[in-house]
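Structure record follows, encoded as C-alpha cells.
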Amino acid sequence: MTDSPDSNPWRGFASDNYAGVHPEVMEAIARANTGHQVAYGDDELTARLQEFARKEFGPRAEIFPVFNGTGANVVALQALTERWESVVCPATAHISADEGGAPEVMAGLKLWTVPTPDGKLTPALLDTEAWGFGFVHRSQPGVMSITQTSEYGTAYAREELQALADHAHELGLHVHVDGARLANAAATLGCTLAEAANGADIISLGGTKNGGMISEAVVVVNPDAARGVDFLRKTSMQLSSKMRFISAQLLALFDGDLWHRNAMHANAMAQLLAERVGAIGGVTITQVVQANAVFATLPADVTSRLQAEHRFYTWNEATGEVRWMCSWDTTADDIETFAASVAAQMSG
Amino acid sequence: MTDSPDSNPWRGFASDNYAGVHPEVMEAIARANTGHQVAYGDDELTARLQEFARKEFGPRAEIFPVFNGTGANVVALQALTERWESVVCPATAHISADEGGAPEVMAGLKLWTVPTPDGKLTPALLDTEAWGFGFVHRSQPGVMSITQTSEYGTAYAREELQALADHAHELGLHVHVDGARLANAAATLGCTLAEAANGADIISLGGTKNGGMISEAVVVVNPDAARGVDFLRKTSMQLSSKMRFISAQLLALFDGDLWHRNAMHANAMAQLLAERVGAIGGVTITQVVQANAVFATLPADVTSRLQAEHRFYTWNEATGEVRWMCSWDTTADDIETFAASVAAQMSG
Amino acid sequence: MTDSPDSNPWRGFASDNYAGVHPEVMEAIARANTGHQVAYGDDELTARLQEFARKEFGPRAEIFPVFNGTGANVVALQALTERWESVVCPATAHISADEGGAPEVMAGLKLWTVPTPDGKLTPALLDTEAWGFGFVHRSQPGVMSITQTSEYGTAYAREELQALADHAHELGLHVHVDGARLANAAATLGCTLAEAANGADIISLGGTKNGGMISEAVVVVNPDAARGVDFLRKTSMQLSSKMRFISAQLLALFDGDLWHRNAMHANAMAQLLAERVGAIGGVTITQVVQANAVFATLPADVTSRLQAEHRFYTWNEATGEVRWMCSWDTTADDIETFAASVAAQMSG
Amino acid sequence: MTDSPDSNPWRGFASDNYAGVHPEVMEAIARANTGHQVAYGDDELTARLQEFARKEFGPRAEIFPVFNGTGANVVALQALTERWESVVCPATAHISADEGGAPEVMAGLKLWTVPTPDGKLTPALLDTEAWGFGFVHRSQPGVMSITQTSEYGTAYAREELQALADHAHELGLHVHVDGARLANAAATLGCTLAEAANGADIISLGGTKNGGMISEAVVVVNPDAARGVDFLRKTSMQLSSKMRFISAQLLALFDGDLWHRNAMHANAMAQLLAERVGAIGGVTITQVVQANAVFATLPADVTSRLQAEHRFYTWNEATGEVRWMCSWDTTADDIETFAASVAAQMSG
C-alpha cells in the first residue's frame, strides 16, 4: 500500500481516518469535562463503560480503554501469549502489514502469516501454520488473530467465525479479533457487536474509524484466556491519565445506536460506490463489498490521473488494485462526484 | 507511592491529572473538527505545530505528537540509543519508578538509577554510573535522562542544567529531558520552554497535566542525536490516526500563553499550600517548593485520617512523606479547605 | 518438520548435528588447555583467529566467536538493523522456521518471509517484500537474509549470489548470509568460503555441523554495515568466558583444509544417497542435491516404517516430503544399509 | 570494574575464567565423542544428567544445560516472570552490573537494584523494593534474585538463605539463585549444592569457573514456579545442538566430588592470599573471605604498579578497592609470588 501524498485529500476515499469526530461524540467529550475525576480509569465514565461491556459481551467481560488500534492489538496479543508463543494471522492482517512491526518490535511476538484470497482465515488455512506444538525449534502458535471486518472489507459470517474459533480452540490456540471495524461487521451481518466477534477470547474494539477521536479498547471476553491486561496496558504505553475522555467517546458510540448508524451509513456508501464505479467499463471490483471498503482494479494510468484529484491508496502495485474507504460522513454526493471522475478518466 | 483508593477524589491533591481540560483547549479541539484531514499527521494543524516547534526550539527542531508521557519518553529514549546502550537517571525518575517498567519491557532499555536528595542529578552524581565505556560487560551508558521539574517538584536552574548537559555531552551521552511539567519549570524559572530545557537533545513535552486532554509530544532539538523518531513513534504505538486533535491541543497550550498562565497558577497554588500547611505544627515541608508539588511529612495517623477526606498519595511509606499536587484549576478555596482539614486532624 | 522420537538414531540421517566432533578438532581443544589465558577473547587463539578472518574474508573483516547458529544469526541481524527495521528472508529460512522465534522474541526483529520453490531468493522474490521505504506503517526492510547452502540443500552460484546481493544493496538493504553450512556450499561450488558468501556484509559462519563441538562465529565482512557486534554478542548471551576453546575449534576447521575435507565428504555421501535411493521405484528426489541434504517424497506408510528403523524428519506433512542429512562421518556403508532398508520397505 | 588490558595475565588473579579446563573434565568430553547421538539433548549423557539433578535437587527437579551464566540467568528469570514483572536484586548483582544489560535488552526485565554492604540481600533490604503489588504504575516485583556466593565473595548461611527465601515467598516473589559459584558456596558452608541454594525455585548452576569449558545449567527446583524453560532456552539462543558435550562436563564436575575438590582448593587459596596480603601494612581486606574472592584496598599508585605485573581488576575506582580471584588451578606458589610483589610495591 503506497501513498500518493500530493493528491487532494478533501472528501477523499483514502481512509476512514480522514473523517473528523461525530458531533454526538464531541458533545460527550465536552460533557465529561466537569471538575476533578480520579485519573487512570477510576472515574465514573469508565465505571459506566464497564457496565456497558458486561451487558454487551457477557457478565465476565472487562474493557480497557486504550489510545489506538495498534496499542489495542499489541496489549491483547501479549495478554494471550507466553513469551515463547506466536500468532497465526492472515498475511494481510493489520498487525503484520500496517503496524510498522509493533507486535514484533515491542512485544517480541512472531507472526505466522498465511496468504489468503480475501483476507480471511479458514480452518484449513489456519492448519498450514498451527502445528509443531511442543517442538522447541518451531515458535509455538498460541493465538489465532483475525480481523472483522477484514482488511479487504470482507466479513466472517457468525457461524463461519464460530466454526473457525472452535477449530482454533481445539488446537489449543486463543482467539483474538481485531475489531478496528467491528461496528461495520455487526452492521453488515445484522447482529450485535458481541455476535460479530463470536468465539473471541479478546477483542480490539475500534471506535476511532466509527466516529471517535481517540477511542479504542481491549475487551476481554474470556478472562481465563487473558492475563495481566491492566499491567500490560501500562507497560505498553496505552494507559491514559485522563481516561474519562476516552471512555466518554466509547460510551457515546457503543452504549446506544450511534455505532450502528455510523457503520450502516459507511457500509451503504461503499455499496453505492461499488455500484456506481463497478458499472464503469474497465473497472473491476475485486472483493465482495460487505462493509465500508471497495477494492477494484483499473488501468494504472487511470489510477494515477484519479489520484491527482482524489487521495486514495494503491493497495497492490503489481496488480494495480486500489482501495477506496467510506466513512461515517461520506455523502452520496461524494460518491457521485468520484464516480463521475472515474468515468471521465476512464474514457479520457 | 501507594494509593488510597477509598478516599474522596473531588478537588483533591493526588495528581495534576485529576483536573479536566482547560476550556480554551476544549474549544481548540472543537474547532479542529471540520471535515476531512489527512490522517497520521499530514494535516494543517500538525503543520502549524511544526512551525511553533521551530520558533520555540530552534530552526532544526521537529515535534512529534504522541499519546502520553510514557510513550513520549520511550520513543525519545529509543531514538537516542543503540540497542546495547542504557540510560542514567535519578532513582526517582518517572521512567524508572512510575511507568510500570515500560522502558525496559518495551524498548529493552537498562536504566542506571542514581539515588539523589531532591530528584535532581549533578555532574558528580552522573559520574557514579556514567562510566565503563567500551567495556562490554557493563551496559553502555548512552543517555542522561533528567526530569524538569523533577518528580520532587524541584527545578534545575538554567545554568545548572546547561552545566549538567555539557558534562553529559563531554562524556559522550545524549541528553533527554522529561518535560511532563516543563511548563511549570519555565514558569518558576521565568524563562521560555526552550530555556527550561537548556542543553537537551530531545524533550518529552507534556501538555496533559497543563490543561490538555491527550496532548504530549516528542521534541527533537538536536536532530544529530536522534534517529528514526517517526518510525519509532509508529512501532511504539504512539501514532494517532486523527492526529490533528492532539496537535490542536498542543497549539492551544503552547503557541500562546495558556501554558504559562496555567503553570503560573498551579505553581502559585502550591506556594500557598506550602505556606498554609507548613505553618501548622507537626507538618514539615521536605522539598523546596518550586513548581506545583508540595512534599511534606506528618504523623502517620494524621495522614490516614486526612486521606479519608482528601485523596492524595503517600510517597514514602517508610518516612511518612506525602505528596500534594496542584493543578491549573486548583482554587485558593481548595487550599484553605484542605489546610483547615490538616490543622483539624493535627490537633484532633 | 516433525520429530519421530522413538526411532533409532544411530548412524541416522536426521541431522548433521547427530555426529560427534572430528578428532582433529578434539585435539585442537586439548592443545588449547594450557594454563591461564585472558578470558572473553583477549587470548592468543582468538587473536590467531582474527588473522585467519582477515586472510579469508578481507583486510577489514572481523570475526566474533559465538555459541550457536541461532546466536550468530540474532547477533548479526541486530548489528545490521535499526530498532524499526526488518528482515526479508525465504519462508524456509532457519531464522524464521527453526529458531523458536528467537529473532522476534529476543531482538524484536520482524521477518518478511517469502515463499520460494527451492529455499533461495531471487531479485524478483526479494522485491515482493522489499518495498514501502519511508512509509511508517510498513515495517522497514533493512536486511536481506539468505542461507548458503539453503535449508533445502541448494546452493547459490557465485554470480547468482553477487547479483542478488547487488540488487539488495541497490535497494538499500544490508546482506546477511546464514552460513551454518557455508563449508558445504564452498565445497560444492569449488570456491573459497569468502567466495561462497559473495556480497555478504555479515556472515554467520558455522563450524558445528562441519565437525566442531560448539563452534560458530559472526564474521563482519563490511564494517560499514554492522554496528556494535562486540556489545551485541554480550547482550545476546553469546560471549564465551573461556573463548579460546571456541577459537581453537574454528581454527582447526577453517585455518587449513579440514572444513573442505569434511564438507566434500558429507556432500559426496548425499550424492551417493540420492543416487542409491533415487533409483528405487516410488522414491522421488525433490530438490537438486548440491550439498549434504537429500529431500525426497515416498509413500507415507513407507516413511513411517523406515522411521521405526532410522531416525529422520518428515519435512512436510502435507506432501510427505522427507529430509535426509549426511554428515562428516557418514560412511558409504551407512548409505548402502539405509538404501537397502528403503528398497525393502518400498517393496514390502 | 575497569580493565587493565596491557598487564600480564599469566597466573593472574583477574578472574576465575582465566584458568583452563580441569583434566577430568577434558577426559569426559573426549569420552563423549563416540558416534552419533540425538541432538539437542535427547542423548544418553543428558539423560544421566537429569538423574543427577533429581538426586541432588529433589525428585521434581529438572536440569537444562546452557552455554553461559548470562544465558542461564536470563532463561531462569524469564521462566519465573510474567511480561510485566520485574526482579529485585543487589546493586552488585552480575545480572545488573556485568551482563551488558542482557536481562533488560533481551528479556525486557526491569531490575530493582538494592545497595548492600556485602553483596547480599536481607529481608529488610528486599522490602525496600518489593512493594507496590497491584499498583500498575510500579513495575511489579515478581522475583528475588540473589547470588551465592555473592559478587563480593560472601556466602549466605543456609538458615540465612532459607529465611530470606521464605520472606520472598511470603511476599509472592519467586526465588532465583545465581549459582555461578554455587560450588564455592557449598564448599565454604560445608553442605551440598542443593543446601547451598536453600529455598531457591530456580538455580543458575555454574560449572565453567569450577573447571569446566562451556558448562552452565538452569536447574528448576520448583516446577510450580517456572514455566517454559525448554522453549525459553531455545528462544534465548542457549540450546546446544551437540548438547552431550555440555552434559558430559556437568556430570564430570557435579556427579562426583570434582566440584568439591576444585572449590575447596580455590577457596583455600583465597584464604591464603588474604592472610599473606592482609598482613602487609597498607593493605586492607574489605570483605570477609568466604569463597575464592579477596577484596582489598591499597594505595592507587601501588595498584597501578602491581597491575603492570599481574592482571586484576579495580572494582571501585572511587575507593581504590580491588578484586583478586583464585581458581581451581591457583597454586600456593602463585600466592607467594603475588604477595611478594605486593609487599615489594608497597614498600617501593
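Letters A, B, C and D mark the chains in the order given here, with residues in each chain numbered from 1 onward.
The rule we apply is simple: a contact is a pair of C-beta atoms (placed from the backbone, for glycine too) under 8 Å apart; a residue touches a chain by one contact, two chains touch by 3 or more.
Given the structure is predicted, the values throughout are model-derived calculations rather than measurements.
The fewest steps needed to get from chain B to chain C, moving only between touching chains, is 1. Chain centres here are means of the Cα atoms, and by that rule the chain farthest away from chain B is C.
Between chain C and chain D, two chains of identical sequence, the interface residue sets overlap for the most part, with shared numbers making up over half of the total. Set side by side, the interfaces A-B and A-C show unequal numbers of C-beta pairs in contact, with more at A-B. In this assembly, the C-alpha centroid of chain A lies 40 Å from the C-alpha centroid of chain C.
Distance from the chain A centre to the chain B centre is 33 Å, each centre being the mean of its Cα atoms. Shared contact sites, meaning residues of chain A that touch two or more other chains, fall at 40, 83-84, 99-101, 105-108, 136-137, 139-140, 231, 234-235, 239. Only residues 5, 9-12, 14-15, 17-21, 26, 29-30, 32-40, 42, 67-71, 74, 99-102, 105-107, 208-209, 213-214, 231, 234-242, 245-246, 311, 329 of chain B touch chain A when the two sit together in their complex. Those residues of chain B lying in contact with chain C across their complex are 40, 78, 82-84, 107-108, 136-137, 139-140, 227-228, 230-235, 239.
The touching residues of chain B, when paired with chain D in their complex, are 1-3, 83-84, 86, 97-101, 104-106, 108-111, 113, 115, 131-132, 135-140, 317.
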